[in-house]
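Can you keep this structure in mind? I'll have questions shortly.
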């Protein structure tokens, strides 16, 4: 009897997770219907107009901004995170130095977004200005650099695990054929672990998509499709953070619609990463 | 094999017990046997013959796994275990596992009392002390650990841990002690100690022990069951089985034709 | 022929060594931001990192302006932020830990069931949702019905972010326990609930504890979801149904107000030390218990 109650409680807790997810989806959908029915789904994501005066809203600048900054961040982060992953997963695996390196890199993941934003604002932005990127230093490039630093730990720790899982006998076979360490890494480690590494970068990309505070503080918050690296812009997350407080009616609904889109994109990205990893384990 | 046992004189009776993991496939098939008090019964047979499966049917361990179906009747002191409360059955039939498994978060003292704690039995301090001491004495562990009661069970050696686990089962004063290859993870010296202990315990308890070590079965047991492919091939006095087996398969197993 | 192989091999070894050097260099570069950030916060924040930081509420823009004009330190501290963070965080913990652990136990105990699989996927999904989206959803479900921003809304948002981590760590640490532990408990006649509560959960405690601490450290510095749920408050507030400040919200406020900008460093330093402290604590616990 007692056990039945206990098991029911466990079951209810799990059902709460289902309810919670359903609540998130339902909440977002129901609040964004206003915007979608006004502008149409494709009209909304295809329009680059965001004008509270005319009450016209479109998400294209923010979708572009999000994809652009996240993609750049991903590219910037690759040399660093791959180095760290090889350092911890292959060259210095299980050595003391690698526990230190991985601990420090993990701590990077612990730094709050807003602190990254401050650091980017006060330290990196002047460097951008000195380099002549633009007058204010704000923009896609600055935001992407900070984003890259923020996602390095996510990409590297998971990649290191997959690189470390490559069986020793494969590596030994390559060494016994006279390969150098670099050749073993490029011919054995990276190809064998490639889908795992790919999945970890997909997950890191997902992280970058949703990052809010740091990007909001650095991207410049202008409503336009960024023309280049030195241009300012906005991301889906930053437009919500910036304009949510003062909005109502159709504008609020449009912000909710952007939230829904962001939710869908990150959900798909995460699903893809999980799927790749699941295929790997088979 | 004696058939003249009366109902008052046996503690465990198996009637047509079958266990299947997947429908239609039997790990144990129609096993019937009677086990008398204060005996040691060895279950032998090649790996996969169903001996452990049969043992685990006796304290309804299979119910933890939804796919396993047990049919037939198992009478513990004349009462069908499937109509009893599972928890009561398990208190009456203590179990010792292959690998020593003291609870890692509990001290030696608490490990012995774990059965009481799990059953929410409130005990006074002197009652606890008494149970711990008698249980540990009966497994000849008391002198070795009496000064380190508060240490975790994992500090003990493998053999000591296994004796602690036997004490944990004995603390509940079971009618029957089920042992699933209790020495297979132990070194020879610890194995020896546990075997001596089993011999001692026979005075107060009825023991069913699964083993695939034939010499252990010969040394320890009064009666032996030989199982093969889920069936009980032969059951009788150990001495007789080892000298003059009735079934050809038993003979082949004992002489090492297969294992 | 043989000579040919030997000569290329020198080149190949050199290439391998150069790559090794580059890899070490990039790994070292990756670590720099942590130290630079800590150094800058300490350098710029130590002046304001004083007792009043912990005992006084945040100053108004005017007060700060007068202080700056007379060349004094900005008065006040972030007491309202500290108390707010404590209030929001503790409520989030109270919500997330029981639900997370129970769900984790369910997943570990029913690994094959379809429902468990489904819930596991959903939990992974929750983990990936951007924090601002969670904030917006909590705004819909909590702030609008209560018609007020509140500490409790902030707690709900943070607890949703904590849940997946707690669920995952509970499930993983329970799955690592040997199955005989559970069987031994049940073989002693223990009920299922007492075996779970008194043997399995205590045995998996270090994993659970580490997971919960990491979850706490992850959400402590969150700003975006609190902006749209707890909003912020100028004074110390213990009423869970009213708008409440938090350290991260105050940092955001200071950042946006040039008069208050000097306070940004000390409060960020405090937040960072707190977050990284919990993080390190969690990891040292995990390491210490693993050896046993």
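Note that the chains are named A, B and C in the order they appear, and that numbering of residues resets to 1 at the start of each chain.
Please note the rule applied: a contact is a pair of C-beta atoms (placed from the backbone, for glycine too) under 8 Å apart; a residue touches a chain by one contact, two chains touch by 3 or more.
No experiment lies behind these values; they were computed from the predicted model shown.
Relative to the centroid of every protein C-alpha atom shown, the closest chain centre, again from C-alpha atoms, is found for C.
Centroid distances from chain C, each centroid being the mean of CA atoms, peak for B. Centroids built from CA atoms put chain C at 49 Å from chain B.
Spacing of chain A relative to chain C, judged by their CA centroids, is 17 angstrom. For the pair chain A and chain B, the distance between mean C-alpha positions equals 55 Å. Residue positions 191 of chain C each touch two or more of the other chains. Residues of chain C that touch chain A in their complex: 9, 12-13, 15-16, 19-20, 22-27, 29-31, 33-34, 36-37, 40-41, 98-99, 102-103, 105-107, 109, 115-116, 118-119, 121-134, 136-137, 139-141, 160, 163, 167, 191-193, 196, 217-218, 220-224, 227-228, 248, 251-252, 255, 264, 268, 271-272, 275-276, 279-280, 283.
On the chain C side of its complex with chain B, the touching residues are 178, 180-191, 194-195, 198-199, 202-203, 205, 292. Those residues of chain B lying in contact with chain C across their complex are 59, 61, 64, 87-91, 94-95, 97-99, 101, 103-105, 114-115, 117-120, 154, 165, 168-169, 172.
Touching chain C in their complex are the following residues of chain A: 2-3, 5-7, 9-11, 13-14, 16-18, 20-21, 23-24, 27-28, 31, 79-81, 83-84, 86-87, 91, 101, 103-108, 110-119, 121-123, 149, 152, 156, 178, 180-183, 185, 203, 206, 209-213, 216-217, 237, 240-241, 244-245, 255-256, 259, 262-263, 266-267, 269-271, 274.
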